[in-house]
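The same chain A turns up in both complexes below, where it pairs with chain B and then with chain C.
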Partner chain A sequence: MRQTILFYRKEMLEMARNYKWIWVPLVFLLLGVMQPIMSYYMPEILQHAGNMPEGTVISMPTPTGGEVLAQTLSQYSVIGVLILVLSMMGMVASERQSGVASLIFAKPVSIVSYILAKWCSAITITAVSFLLGYAAAWYYTVQLIGPIQITHALAAGGVYLLWLCFVVSVTVLVSVGVSSTGGVAFVSLAFIALLSFISSLFAKVFMWSPSQLSGLAAEWLHYGESARPTFAILFTSIGSMALLLAVAMFIMRRKSPIGTHA
Partner chain B sequence: MNLTVNWNIIAPILVIQLILLITALVSLYKTSATRGPKWMWIPIIIFVSIFGPVLYFVIGRKDA
Partner chain C sequence: MALLQVDRLSKIYQQHHAVQDISFSVEEGQCVALLGPNGAGKTTTINMLTGLIQPTSGGIHLYQQGTKVEDRRPYMGYLPQMPSFYSWMSGREFVCYAGQLHGLTRKEAEQRAAEWLQRVGLEEASRRKIGGYSGGMKQRLGFAQALIHRPKLLILDEPVSALDPVGRRDVLNLLRELQQETTILFSTHVLHDAEEICDQIIMMRDGRVAIQGQLDDIRDRYSEPVITVVAGNASNPQVKAWMTEISRKPYVLRSELQRESMTLTVSDLELAEREIWKDAMQHRIFIRRFEAGQSTLEDLFLKVVQS
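On to the complex of A and B.
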């Protein structure tokens, strides 16, 4: 436990030195702020876009607050996930490449606390960044577009945060298994995209898959309480995250040349 | 082309972008080596909005 905390603090320090604590939250904030503003100005932007015959009247249904917030989440699903994976791809892989890992494991260090600390620190920055961006998006949506029911927005935010945590867990596992940082990013993104794609194709079979989380968050914003049953998906997601971490620890123990202390 | 823009709404976006840009430049100034020539990153950071600084932080920094 003490070791885990020690490693956790080391990770946090390293992320601060890498400027990750500045740029990752800022990018999430930017994404969150931009979507409501884009929706707000959309009629005007369309009007000034070229290729429109004179006198064209564009009538667009004004989106509700929930819809705009759901659009923000779908922005996070593309660019947010990309940013997260890219910022964390080197977590274990680059440490092993540079030899820092073998330096660490020359001492009796437990692999469990090593991986756990990496995961916890990654979750911390993810949660802070996402919550910051989401809060900004929420604020702007309420100011510019329209009201959102607080419980729905909170539920959607919580569900979506769990999806990002799942993404982080996948990245941690891949970062342990693949040795080049570029490879880590590619494999993680490919896995997440494939999982989302397959589970949208076979929605019945993958009803409880963690990849349903992002859709579920959007449903909460659109329909509120009449969204799909939530708790089953939450349980499978938390379970699969634990499984991913366990596999990561297993692979780490197999791969590390010296450190066999569990 | 005269979009009526409420600057109170747009200002936060510009401020956040500016902070991102300055952070990237400060980091570039302090770092000893980057992937690719160091001067190359200055126009990327300044002229490619949002993704320029991000690109620098993700692949430009050697210790990242």
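On to the complex of A and C.
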């Protein structure tokens, strides 16, 4: 436990020293603010675009607050996920590559603490960044577009955060398994994209998959309810995150901390 | 009393036998050098000792007050060949972190970090980021982080190979001091260093132990009388002929001729010396340098490696 806290503090310090604590929240904040503002000014932007024929009348249905917030989440699903994976791809892989892992693991440290601390710190920055961005999006949506039911927004935000945590867990596992940081980013993103794609293709089979989380959040914002099996999805998501971490620890134990061999 | 016992240790990578069946033991308070050319399996052996890689077969046992310990790592300090650190930490932060990973409290770790950083000569740089350290400074930082928990056994992989002569001298002096406090096992291919500070050597070749034992025993057993002669005026064709003639004498066991010098392994030092001088006088050969002595560890090493 003591060691987990020690590792966690080191991760936090590292993220502060290389400015991750600035740019990751900033990206989420920007994405969050952009969507409601864009929606608000969209008619005017189009009017000033210039290449419209003379006398065009643009009439767009005004989106509801829930819809705008859901669009924000879909921004996060692309750029947010990309940023998260890129900022965390080196978590384990680069320590092993640089050789500092051989100094750390020659000391009486536990792999469980090591992985757990990496995961917790990644979750911390993810949660803070997302909640900040989401709160900003919510605020601007209410100011510019229209009201949102508080319970719906909270539930959707919570569910969506769980999806981001799942993404982080995948990245942690891949960072343990794959040696090069570029490879980590590629494999993680490919896995997440593939999972989302396949589960939208075979919705019946993947009814309980964690990839349903983002859809679940969007539906709650749109309609205030969802036909998806909410609790089953939550259950499998949390379960699969635990599994991903356990596999990461297992692989770390099997694979030597120094290397390419073994 | 044995501190470390290595028993028929092997490591096989796919088809490649990196280490085969090596056994040795290290007594408490000793200084042991692991010698061998590049690729002999020194680093693989060290990585197995530190627990960083799992042996394919064989056992490694560390004894603490006579009883075998389950986890060796708390009792060992390790410095790899090219240590790398978190470049965003300062030297003091890293050593302190290392101490805490060994179970020291923050306060203890800070205090000892300051002591060790001073001892390795890094106190001035201790607040600077490691990213700006030179190779020699990193090596010294590596010592501090390996020693902060007062290990029973200090394991070093090529601690001096990458350093300049001044850095090397510093590290050797530090090792000599540390010898009083702890048991040391280090690998090197600089034989001179091993000869200077070690009690025991283990010479490896192709993943096997070629020769091992106390340095003095090995010296007694393997060293041979050697004479080195540097003859003057190499352009003189007579010199060459004379050297060739000498190398065929019955008291010369082996010879090695260079342009103007020769190194002879002889059966009887005194006899050989007298004969060579007499012969040189007769042929009016000018001798610029004449050295009679014993073969060094380096000669033995070359013999082992090349055989």
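Observations on the structure shown:
We take it that the second predicted complex is superposed on the first by the 252 of 262 C-alpha atoms of A that agree within 3 Å, B and C clash if a C-alpha of one lies under 4 Å from a C-alpha of the other, contacts with A are read in each partner's own complex, and residues count from 1 in each chain.
By definition in this document, a residue touches a chain if its C-beta (ideal position, glycine included) is under 8 Å from a C-beta of that chain, and two chains touch if they have at least 3 such contacts.
Please read all numbers here as calculations on a predicted model, not as lab measurements.
After overlaying the two complexes on the shared chain, residue contacts for A:90 are found with chain B alone; chain C is out of touch. Within the superposed three-chain model, A:150 lies out of touch with both chain B and chain C [touch as defined at top].
In the superposition on chain A, A:246 makes contact with neither chain B nor chain C. By the touch criterion defined above, A:44 lies against chain B but remains apart from chain C after alignment on the C-alpha atoms of chain A. Contact with neither chain B nor chain C is seen for A:232 once the two complexes are overlaid on the shared chain. Of the two partner chains, neither chain B nor chain C is touched by A:190. Contacts of A:203 after superposition on the shared chain: neither chain B nor chain C is touched. Contact with chain C, but none with chain B, is seen for A:103 once the two complexes are overlaid on the shared chain.
By the document's definition of touching, of the two partners only chain B reaches A:19; chain C does not. Of the residues of chain A, those at positions 18 touch chain B in one of the two structures and chain C in the other. Residues 1, 3-5, 9-10, 12-13, 16-17, 19-20, 23-24, 27, 50, 53-54, 57-58, 61, 63-64 of chain B touch chain A in their complex. Of all residues in chain A, only 18-20, 22-23, 26-27, 29-30, 33-34, 37, 40-41, 44-45, 48, 83, 86-87, 90, 94, 136, 140, 144 touch chain B in the complex they form. Remark: chain A residues 3, 6, 10, 13-14, 17-18, 98-100, 102-109, 256-259, 261-262 touch chain C in the complex. Residues of chain C that touch chain A in their complex: 13, 47, 50-54, 71, 73-74, 76, 78, 80, 82-86, 88-89, 97-98, 100-103, 142, 145.
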